[in-house]
Amino acid sequence: MKLLFDLLKKFGVSGDEQDTTNFILEYIDKRQRFWNVQPKVFFGEEFHDCILLKFGTPRTALFAHMDTIGFMVRYENQLIPVGGPEFIKETELVGQDSLGKIHCKLIGDEDSPLHDFPRAIERGTRLAFSQNVRIDEEFIQAAYLDNRLGLYTALQVCETIQDGWVVFTTYEEHGGGSMPFLLKFIQETSPVRQALIADITWVTEGVLPHNGVVISIRDKFIPRKKFIDKVISLAEKSGIPFQLEVEAYGGSDGREVQFSPYAIDWVFVGAAEENVHTPDEKVSLKDLQSMIEMHKYLMDSL
Amino acid sequence: MKLLFDLLKKFGVSGDEQDTTNFILEYIDKRQRFWNVQPKVFFGEEFHDCILLKFGTPRTALFAHMDTIGFMVRYENQLIPVGGPEFIKETELVGQDSLGKIHCKLIGDEDSPLHDFPRAIERGTRLAFSQNVRIDEEFIQAAYLDNRLGLYTALQVCETIQDGWVVFTTYEEHGGGSMPFLLKFIQETSPVRQALIADITWVTEGVLPHNGVVISIRDKFIPRKKFIDKVISLAEKSGIPFQLEVEAYGGSDGREVQFSPYAIDWVFVGAAEENVHTPDEKVSLKDLQSMIEMHKYLMDSL
Amino acid sequence: MKLLFDLLKKFGVSGDEQDTTNFILEYIDKRQRFWNVQPKVFFGEEFHDCILLKFGTPRTALFAHMDTIGFMVRYENQLIPVGGPEFIKETELVGQDSLGKIHCKLIGDEDSPLHDFPRAIERGTRLAFSQNVRIDEEFIQAAYLDNRLGLYTALQVCETIQDGWVVFTTYEEHGGGSMPFLLKFIQETSPVRQALIADITWVTEGVLPHNGVVISIRDKFIPRKKFIDKVISLAEKSGIPFQLEVEAYGGSDGREVQFSPYAIDWVFVGAAEENVHTPDEKVSLKDLQSMIEMHKYLMDSL
């Protein structure tokens, strides 16, 4: 779990994913010699802050987003949300501008969030939830489990995967924008017809902690039934605990697969959390385990 | 009209268009020998559930969507809309899950639609309006005239068309997603600069039954004036009854032409209906006739 | 400033940019012999009503939208907005249909805008704010400074630019639609990794007249921090007055760069105006000067 703890400490508010990118690149560099298959690694300015790993001959691409929600400093001590953070008064925020490190509290109200830092913070500075990882036998609780658990899952998949793309994306929390060029590169380099989204969803009346990884039949958008049926049928064979989600709202990198100019089927596969988009996101460790196993299994079987 | 009645009976809630696709493929297979020109037919997993017909040397592509609105079963007896179905209490719904056929009623209210089926229905099961086709000398009334009339029109166009693409799309009712890859395929196979959308619009204070097919100057999105002017000028020459629509809302597959990476002009041409997105959609038979004639004429003249 | 006055007189409500396009093409034809570098000019039906100028070997593309907001005539004397015009009762509107010129007033209310022209106006006719240019030592005030000042800036950049694309786009005010095919053409002809948006933004509590051109750190969408930091660092070196904007709302052609299938960084650089989307848009002449200088500088330095 050291890797996960390291990931949880990295800064990555949408549009400023560099720290996370660099950490993952370093990890890949050190760790890949132990992987079953050595991937071809694509990164650099041509890919902005994204990373693509090509293992063997891909049939499926797995996507995990590196960015987190947060706030951006506007004028005076005003804040604007990046992505959809929950407004909880007194939440501790951290960041950095050219004058130094910032540690402050979220004040004001939901419509006019403010910070209480004694000096002016430079316009456009990003602030993230202060991290506080708590773990017991059943649960992990921290800020940004969405989507540090997706990154962790993707890197666990790398250990054993034979064939497939593993892709680290940016901007997912704030409307997207990296998926279109990543998909174009994938389809022009080694095309696929299937995509798995490794991301975190919500605990609801129909999706409960400890009941297994969630396979989402729909969120705001709807994957093709023929493909979902195939995924569910494989999941049943796998013996790995899973539960089915049907939601009217929410989205993921899958949305950009749906609207891409490629006929690629997609499905969201990820653990459910409580306290979504707060510093206290909480996920069952069993569900995280199922998430990792299911992604490994599906990358292998699909 | 047997073809239309057959189309009206097929299931095709967005994301699960397979039955409709298969029916159209079988129809094309049987019928194409009677068409003026034999098309090249593109379909299969590479195109998900879509179908493209290439006749001669296309200048224009005609698009008709195969999917319908409906509901999806969430948890307990909850329903989530697919597309934008009107909530009308006691509406009869039909579908199927692995335990068998489903016939039930829509209950609850607009914000929390429910079904009254005595047993649990599997998560993610799609339900459609029960079909009840009524026809008299003036009108046809049924569920899913939107867009079974578009499919019917497209297949009538196939009888006489010399040059053009006729394309059957998916997902239109729920935000789209097939148009981008269809347009890419078209532009890379036999490109066009013009697109006709064969779909159904609304009766309003400015668009009345029996007054002819609607040529839409705009809905939420706005086709290029230069092209609309050309279409209207041809329509006037044609002698076919038509009326002009100007709306602030609504969309069609034309939206995805507008936002595609191709400079393709588009226009919506279709009959207007009453009781939109209910089981009682009602269209003037004269307007349907004008719709078919106008699409034939425009595919020929543009 | 004659060029700017001429631009301000042209009609160009989204979807009907032809007059503006033709004027700019004629201007380019007459003026380009005086430019430092002769560009390759791309225009015509293949590009709808857009124009692309390729100077030297581009590293960056500058985009300025040619369209304006306005109204479209619906049924009876009803109007529908094109883009987001402010409703101000008694505003003078002008346009033309096949029966002749139209000069009328905006009446009704915000939810049901009407015109008071004595005769029926043809469905789909576009109406624009009547133009009234006012200029003094400090400010220019007129309808459609957004984005006639962007066009003016782009054409001033043409005087001295060595390398780069200068692109005149359509439809920006009404959701876009030309950027995708323009970007595709650019990337397939002479690709770039950087984009400047020459457009007009808002005076707010943090952005004031006379304080220099605005470099926007974000609007509804968020450019990549790494690129914005580079732009700001260059702007500081330039000595040209500028101010930094951080907004939660608003968009520009930059949005379509963000969501394009190309890894292109983008930034909005433009003067701020008061009385946005009214006939009385007001911009500081100093800020206009900074806007022109900054675009020249950035096209050169980036």
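Here the chain labels run A, B and C in written order, and each chain numbers its own residues starting at 1.
By definition in this document, contacts are C-beta pairs under 8 Å (C-beta built on N, C-alpha and C of every residue); 3 or more make two chains touch, one makes a residue touch a chain.
It should be emphasised that the depicted structure is a prediction, and the values quoted were computed from it without experimental measurement.
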item	value
Overall pattern in which the protein chains touch one another (line/ring/star/complete/other)	complete
Copy-to-copy rotation for subunit A and subunit C - C-alpha atoms, rounded to a multiple of 5°	120
Intercentroid distance (Cα basis), subunit C paired with subunit B, Å	36
Shared-contact residues (touching 2 or more other chains) in subunit C	260-261
Touching residues on subunit B, where the partner in the complex is subunit A	14-16, 18, 45-49, 72-76, 80-82, 123-124, 126, 171, 174-178, 180-181, 183-184, 260-261
Subunit A to subunit B touching residues, read off their complex	193, 204-206, 217-218, 220-226, 228, 244-248, 258-263, 265
